[in-house]
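The two complexes that follow have chain A in common; it is paired with chain B in the first and with chain C in the second.
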Partner chain A sequence: MIVPGATLAEISTAPGFSFRQYLVCLKGILIREGLRFLNQRERFISSLVRPLLWLFVFAAGFRQVLGVSIIPPYRTYVLYEVYITPGLCAMILLFSGMQSSLSMVYDREMGNMRTLLVSPFPRWFLLVSKLFAGVTVSILQVYAFLAVAWFWGVRPPLSGYLLVLPALFLSGMMLCSLGMLLSSMIKQLENFAGVMNFVIFPMYFASPALYPLWRIQESSPLLHKICLANPFTYAVELIRFALYGQVDWHSLLVVLGCIVLFLGGAILAYDPSTGLLVRRQDTGGNA
Partner chain B sequence: MQHVKANEGIKLPAALEVSGVTHAYGPKKALSDVSFAIAPGKFTVLLGLNGAGKTTLLSLVSHLYNARHGTIRIFGHDISRQPGEALRRLGIVFQARTLDLDLTVHQNLSYHASLHGIGSRGASERIKVLLAQVDMGDRLHDKARSLSGGQMRRVEIVRALLHRPQLLLLDEATVGLDIQSRAEILATIRELVARDGISVFWATHLIDEVQESDHAVVLHKGEVLATGKVTDVTRSAGAETIRQAFSTLTGLKQSSSEGGPS
Partner chain C sequence: MLRKLTLLSIGFAGATSLCSPAFAYMVYVSNEKDNTVTVVDSTTMEVVRTIDVGQRPRGITISHDGKYIYLCASDDDTIEIIDTATHEIVGSLPSGPDPELFVLSPDGKTLYVANEDDNLVTVIDLESKGVLAEVPVGVEPEGMGISPDGKSMVNTSETTNMAHFIDTATNEITHNVLVDSRPRFAEFKPDNSEVWVSSEIGGTVSVIDNSTREIKHKISFEIPGLRSEAIQPVGVRITADGKKAYVALGPANRVAVVNTETYEVEKYVLVGQRVWQLAFTPDQKTIISTNGVSNDITFIDVATDEPVQSVTVGALPWGVVVSPN
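Up next, the complex of A and B:
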């Protein structure tokens, strides 16, 4: 165990790290992610403005056009803005996940990523910690959004604010680990715009975030199938049900499965011996 | 595993032992059967022109990538099999600037300390001591963005020393700095070797950074041409200075391998 102030001999003979040191490492990564977020006020503002625009403008405009029948977890007819709120929560997580992916590509290009990767802690732990930190920051954004939405009349049961936390965490983990996996595949920062176009928007629009699945099925069976194959669909439904005190087991299982898949892929991709980084490095990429 | 006999007669593992390391970027070979060992507590220069493979070698030593072939040991710990044990003994200053520009000096250093499991209280004290040693004590709460190139480099050296490494790797640490900053950084590192007995592996293409008392590894086109004390490398090349020896060695290499290494 490294004790601050320990002599060189003490440090060099002690193997491994204690549980407390793992917590210190996790805390350090959390603080750094938080500080970076606070230092980028535009990022916080844009993360709030985006869903609020959808809520204030899009939902208000489409309230009369898009009727929503009674579907679980709702027990009555709900206003359109109430319907799209869980989808907007998931949208914040989606953008945040991709933002952390962008920051990893940026860190890699700027060299900051190296300081993380040369830490003696296991690489899987470093990546999971980074994910955890990214998800924590994005959950705070979701709660800020839900607070504003409350004043706009979107008022789920009070218990829902607490019960939605695990759903937000799992959905955030899924989307952030997808972002991390993507970041290992992106060679340069400039290529990130492609991710925005080919990942974020298709995932968001081909989901029940804006309209219920049964409506999509009515208008386009093909799009309905695409929605069912979209992991984001299950994040939206998991959050929607949790916000009203229910568990959508199907969505929960899919989200858990996707976390294992994406996170496993990201850990493999950042592994120094097997990962995509090595293969990308073959073509001249940076670590 | 190579061992070096310490003064007390106890055999210590080499600070860094590289055996038969080969690495390629696709079809382009970057390192070819590289082998050498550096002794603990010495200042060893990795001397090579741009493109010699220095950064690749240091990336493999710091476990950013795994070597395709060969083994790398840091104080006896195989970097592939025991990366944690090897990396905790290693401090690294990368060629590219790696400070987070939006964070303060203290925040940057605290982050690094946490990546080595060092808590905030212990880290803060050590940060103050080390920053004072490099005359940066008054810049603790300044944003990294506001520092000059030389100051950033000094903060990066402090960062690399925070966890008390036994081996310090520096990749072209003086590139882009003015003469005074270069001299100051080099002096700081040499003082570390003399005072704390830390092992230093200093990668550079600047031959005037090499002193006669140093050890050297001459790397050219991914191959080690010579290794040992600078005086021995100079003598074995039949030269009078390390500058002449370097020219002779790399010149010989160029003429003896027409067609060049792949």
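Up next, the complex of A and C:
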């Protein structure tokens, strides 16, 4: 019988592992995440269907057949489906990040989480490995989506497919760590529906994923300010520029900053001695 | 070690020279509204300078040696001559009233000008700068095309809806071919076998057999999500190998790529708003469109038929020509 709390803290902070041992741990977490993904085919299909619906149905309705005005990184006029593709890539990462967090809430409820957290490896390493595994899986989903989009006529330069990888990784890390931070605050699986409504949708809609920022600014200066305060905005733009072989330094800095903030927060929250998790469990126990 | 480095650097220099971009041509764009000609470098795709010209510049062409630009200053009722070395206006030609579009003969000696308000085609000798002949044609003449051998010329009249074939030896009309509403442009196929005439309101391109002088095919255009009235063919250009034709579709904001064997539209290339005229670079690697309403030009890669870049020029860009060297 494993008792959460101080004992866990003692075990999880045991020092002195070799690099190889760390790799074994990372591999274990990666395989687990990969297996979970492979065993849940519907998860893969739904992760692909969602952006494709946006691309095929939504973009067709809002087609703007005469082209979207030129804005960087585009050097000429583009169709609406070309414009929203980077936003849809970011949407996959967002949903996937949140889903990964959802799985942590589930794991915690089912007790699987304890198996992971009683591991003698440092807690931060376990969390980063989990993040890494989640992001890897979501990047695969993005590439599957980009492959389908290619047949739909969305064809960024070939080099863009490679150059977008670091942007996808960083954006994925940011969104996954945000999800992890949020998951630490959620006690029950049911509460996650709230995250969908209060986090995912507002983040997605208040961003340049669907409309260029200049157009948002024209229609609502307030919404424009909200968009600028939304980290997802910078993930979308980072991916958009990278897909066309450019670096949006401003977005890159914001995304890096957010990773540090969210990941730091998540590590703190999951820290057995100081974390929110313990406090919540305590509160839960007292209630 | 030093030798290896030298060899490496020579190899690198060789590789860079092989990868260096194509020779820079100058692209000249007439801007109808702000009375200027914009000069754009075809390699950097950047505006090099802007030349002030006469009122309402439209038709633009260049001498075969690349030394002079001829420009229809429609509201000044003249054709201006611009020196490409100094970018100064160095003279003018007696065009007749409201010159809109013209074509240079293959030998570079004669200019055939459509005078929109006067229902005339004026034939100008470039050496003496004198009028050789005036050919009465239909109402509102505009499109001008000349056969590769220089023996026949086609003028289209917007209101009469005709393509007039003119014998350049006698300067007389030999055939009139009725085409769809408001014919704007005429272009001969490089092998002299066909003449392609675009009809702006009719929304078609008529392919006229040059031997029988009869329409052998009509090309129509269809863009999903766009009403047919918005598809208005204007400028037409055919590649030197005669395999592909590019048709500017006006407010459809697209250039159609047509297979000249099958007459099927292979692709619609998205460009700026109200695409009007087209011009190839001499190496035929790029075709450039003028986009009147969005005040820019779009460079299209001919190999892939993908738009590469749009460059802002003056107000209401109309015509375009590229230096031959």
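By our rule, the second predicted complex is superposed on the first by the 266 of 287 C-alpha atoms of A that agree within 3 Å, B and C clash if a C-alpha of one lies under 4 Å from a C-alpha of the other, contacts with A are read in each partner's own complex, and residues count from 1 in each chain.
The rule is short, and it goes like this: contacts are C-beta pairs under 8 Å (C-beta built on N, C-alpha and C of every residue); 3 or more make two chains touch, one makes a residue touch a chain.
In this text the structure is predicted, and so the values were computed from the model without any measurement.
After overlaying the two complexes on the shared chain, residue contacts for A:119 are found with chain B alone; chain C is out of touch.
Once the two complexes are overlaid on the shared chain, A:79 sits against chain C while remaining clear of chain B.
Annotation for chain A, partner touching more residues between chain B and chain C: B. Touch criterion met: A:27 reaches chain B, while chain C stays clear of it. When the two structures are aligned on the shared chain, A:246 is found in touch with neither chain B nor chain C. Of the two partner chains placed by superposition, only chain B is touched by A:17; chain C is not. In the superposition on chain A, no chain A position is in contact with chain B in one complex as well as with chain C in the other. Remark: chain A residues 1-6, 8, 11-12, 15-18, 20-22, 24-25, 27-29, 31-32, 35-36, 39-40, 110-112, 114-123, 126, 272-273, 277-278, 281-284, 287 touch chain B in the complex. Partner chain A is touched in their complex by these residues of chain C: 223-226, 252-253, 270-273, 298, 307-310.
Residue ranges of chain A in contact with chain C, taken from their complex: 63, 65-67, 70, 75-79.
The touching residues of chain B, when paired with chain A in their complex, are 24-26, 59, 62-66, 75, 80, 83-90, 92, 94, 96-100, 102-103, 107, 110-119, 121-123, 125-126, 159, 163-164, 166, 196.
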